[in-house]
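Next come two complexes built around subunit A: one with subunit B, the other with subunit C.
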Partner chain A sequence: MEKLLATIGQNLFVLFGLLAVGGAGVLIFSKSAVHSVIGFLFSMICVAGCFLSLQAEFLGVAQLLVYAGGIVVLFLFVVMLVELTKYQEQGIFQTQTKFAIPLVGIGLLIFAGVFRAALFGPSAPEALTLQQGLVGATENLGNAQAVSRGLFANFILPFEILSVILLVALIGAIVLAKTERV
Partner chain B sequence: MVSMNAVLVISFLLWSVGVAGVLIRRNALVILMCVELMLNAANLNFIAFARMSGTVHGQAFALLVMGFAAAEVAVGLALVVALYRKKGNIQVHEINLLKG
Partner chain C sequence: MIPMTPTLTQYLVISLLQIVVVLGFVMTLVPLLTFAERKVIAYVQVRLGATRVAGGLWGAQQGRTHQSRTFTGGLNGLMWWLGRVPVFSILRGLPMFIADALKLLTKEDIVPVNADKAVFVLSPALAMVAAFTVFAAISFAPGALFYFPASFPFLGGLPFNGFLTDINVGLLFILGVASVGVYGIVLGAWASNSKYPLLGGLRSAAQIVSYEVPLTLSLLVPVVLTGSLNFNEMSTRMATDVPVNGLVGIGRSLLMFVGFFVYTTCGFAETNRTPFDLAEAENELVAGFHTEYSGMKFSFFFLSEYASMITVSALATAFFLGGHYLLPFGLQPVWNHFFEHSSNAFMAWTCAPSILWFLLKIFFLLFVFLWVRATLPRYRYDQLMNVGWKFLIPYTLIMFVIAALLRYAA
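Showing the complex of A and B:
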């Protein structure tokens, strides 16, 4: 039974991950910006599924709320605002695309080769294994409580810096997007 | 139980799709979305390593990264809107305001 559950968990993770990569492919290769946003939304939802299958429940739900609920809507607003339709026929890729695509492909292949040698090669270290659960996440102390304890016990300064950065981003976005009225 | 190598491979794939998108697309909105994709790949690694070490530090930091990503999107989209007001389109190869 345990073995069956482990197999199901692994397969769910791989399934969600491949679906996320597929959504990312739609994001890159679709001609219409709205289709790109939909691919992005799909990819983010699948990444949230990956988080859930890694037993990070709080982060999975936060991912759904922040990305599917907030960021995608923001992107859709801007897509509607800037009416891209008249630029659709100009071609979606960079003008230097005949050099860019092979170069990007070669670079990523080199990186993939290094990655493969490091992970699966003969000199690769023993495959890392994931632990069953988190330290501090017991039956009566769930994932959210464990994460918040980790956050406020160890990362209180980054948390405060983040709040200042969010305030700066808020003010900066208003100033940048404001129309120039005298 | 998810194996660590599966997580690393999936996150590498997501990251490389993001890099390819940033390098070959010329729509500023799509480039912003690809940056988000790369941040998500990093988050996936943070969570996997948190599970590997059995502590919550990685998950807490992934939450912080999510906040930074939200701030970046807000400023980036405001820049896109300002650019659209100025130039009339958001193709990155036409941003040459500094060219004398």
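Showing the complex of A and C:
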């Protein structure tokens, strides 16, 4: 019993990871857009589970709060209110298949390389554990403190650049919406 | 007693026991709450409320209550005979809550023909799971409630804690899991494939998403004041932190006082209760998102609404009303200063944390929920959005700045 529980505890990451991939499969392959969003939600919750199984409880809960609680709700709103069948008949979706397939293939190769290095490479045991040293913390910090020290002290410049990228995406969305209306 | 570290299996067994206790508590509280709702609103509106099912120590009895031979029935009969209104009429109709539960269980379960069946079944479950998982991070008492006696098989000497888990980010966990509950409403509304549920679902989803912002911001005040996200640590420090000087202490208490009202207002909106129950505005929307639901599926929505009322009350209690201590709004240190070393055992006891205070405050806040429902009319939809975006969010931001200043001063 004890051994079984310990084994389950150690493999929770793999379990949640597979479930997340399953949710992503539902997201891509289901016919109904709302079912896709449910798959997406499931996938997001499972990713939060992955974070939790790596003892990154702050990241896990933030994932739940931001993605599952915020972003997917907005997705659902849009999908629920837009009649998608109309656009399916016009054939405006899935027009880029012949470009997409080679790109996905290249992406798969790259990810396979990364996963191979992370899971079986020389630094495999450290890759999946929280390292206080990375954020320059000497004392034993809590999760939230470690993340915030990383974001707002050690990596403040990349963090701000990321937010500028988000701003670019926002302006882009406004521009797209504007041109459609004129 | 030397604290023992439980093995994984023991830990699992204790956790399961705790889950059973907490679930049992919530599941009994909810039907009682629906009964209390009838009685309290009746009392406010000078009616008697549910009286037809007479309750006594020897079971339920239907019929002419003042002649029934049950225990309370007998006392009430005596009072009728004396020509007075029976005081025990508060117990009349109590078995009604069992009847209500049985009715929900035995009602026909209808799934509309054009509904999306899988999502239609999934969404009440989602609402209920979200509403109940939250209790994993709520602490009913700090530390152990009791220790299993050493002779107890398998679990001897281990503590039975007043909380399920003591995670470092307990508050965020509660907010995150509770925010998943909105899917139950939106998906249920969509899956019904009917106009009224869809409109009601959209309304309440917009309401919940907008009020989540001031709710979270108002909870940031205790986070900033205590510098922690751990439920136990936050509630204890909010109740007992001794201020560095009087001015900071007074400011802190005032902030908690205002914060309590702001938080409770947002909590009312989050749980879709009057005066914010636009999702089920009967005069406009039939019954809102659960129009097409019946039987057990409906009662899942019902249970989750009442469970989230308990959650909101628990959070308000923990962070603004002094949590496991006697006095609200951070006044406990003053009380402790005078009575902590008192020779009177009772007064010394009131200085210590206890599950009793926590539960009493929760019950009082649940009463406030019913009280408000009996008193206030419903907001109009544009008023609701105005209150949320134009008043509550600026207020909470100002509170947040003041909290940061107080933290800086401390």
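The rule we apply is simple: the second predicted complex is superposed on the first by the 97 of 182 C-alpha atoms of A that agree within 3 Å, B and C clash if a C-alpha of one lies under 4 Å from a C-alpha of the other, contacts with A are read in each partner's own complex, and residues count from 1 in each chain.
Note that a contact is a pair of C-beta atoms (placed from the backbone, for glycine too) under 8 Å apart; a residue touches a chain by one contact, two chains touch by 3 or more.
Since this is a predicted model, take the numbers as computed values, not measurements.
Asks: Does subunit C touch more residues of subunit A than subunit B does, or is it the other way round?
Replies: B
Asks: If you stack the two complexes on chain A, which partner ends up touching A:45: first (subunit B), second (subunit C), both, or neither?
Replies: In the superposed model, A:45 contacts subunit C only, not subunit B.
Asks: For A:157, select first, second, both or neither according to whether it touches subunit B, subunit C, the two together, or no partner.
Replies: It touches nothing on subunit B or subunit C.
Asks: In the overlay, answer first, second, both or neither for which of subunit B and subunit C A:27 touches.
Replies: first
Asks: I'd like to know which partner A:1 touches here: subunit B for first, subunit C for second, both or neither.
Replies: In the superposition, A:1 touches subunit C alone.
Asks: State whether A:166 touches subunit B only (first), subunit C only (second), both chains, or neither.
Replies: In the superposition, A:166 touches subunit B alone.
Asks: Touch test for A:61: subunit B only (first), subunit C only (second), both, or neither?
Replies: A:61: touches subunit C, not subunit B.
Asks: Have a look at where A:70 lands relative to subunit B and subunit C in the superposition and call it first, second, both or neither.
Replies: The answer is both, since A:70 touches subunit B and subunit C.
Asks: After lining up the shared chain so the two structures overlap, which partner does A:9 touch, if you call subunit B first and subunit C second: first, second, both or neither?
Replies: In the superposition, A:9 contacts both subunit B and subunit C.
Asks: Scan A:108 for contacts with subunit B and subunit C and give back first, second, both or neither.
Replies: After superposing on A, A:108 lies in contact with subunit B but is clear of subunit C.
Asks: Of all the subunit A residues, which ones make contact with subunit B and with subunit C?
Replies: 6, 9, 58, 62, 70, 81, 143
Asks: Provide the residue numbers of subunit B that touch subunit A in the complex, in ascending order.
Replies: So the residues of subunit B in touch with subunit A come to 1-10, 12-14, 16-21, 23-27, 29-30, 32-34, 36-37, 40, 43-44, 47-48, 50-57, 59-64, 66-75, 77-82, 84-85, 89-91, 93.
Asks: Along subunit A, where are the residues that touch subunit C in the complex?
Replies: Where subunit A meets subunit C, its residues are 1-2, 5-6, 9, 32, 34-35, 38, 41, 45, 48, 57-58, 61-62, 64-65, 68-70, 72-73, 76-77, 80-81, 142-144.
Asks: In the complex formed with subunit A, which residues of subunit C make contact?
Replies: These residues of subunit C touch subunit A: 7-9, 12, 116, 118-119, 122, 167-169, 172-173, 175-177, 179-180, 182-183, 186-187, 190, 198, 202, 205, 209, 212, 229.
Asks: Quick check on the complex: what are the subunit A residues that touch subunit B?
Replies: Residue positions touching the partner: 6, 9-10, 13-14, 17-18, 20-21, 24-25, 27-28, 33, 36-37, 40, 43-44, 47, 50-51, 53-56, 58-59, 62-63, 66-67, 70-71, 74-75, 78-79, 81-82, 84, 87, 90, 92-95, 97, 100-101, 104, 108, 111-112, 115, 119-120, 127-137, 143, 146-147, 149-151, 154-155, 158-159, 162, 165-166, 168-170, 172-174, 176-177, 179.
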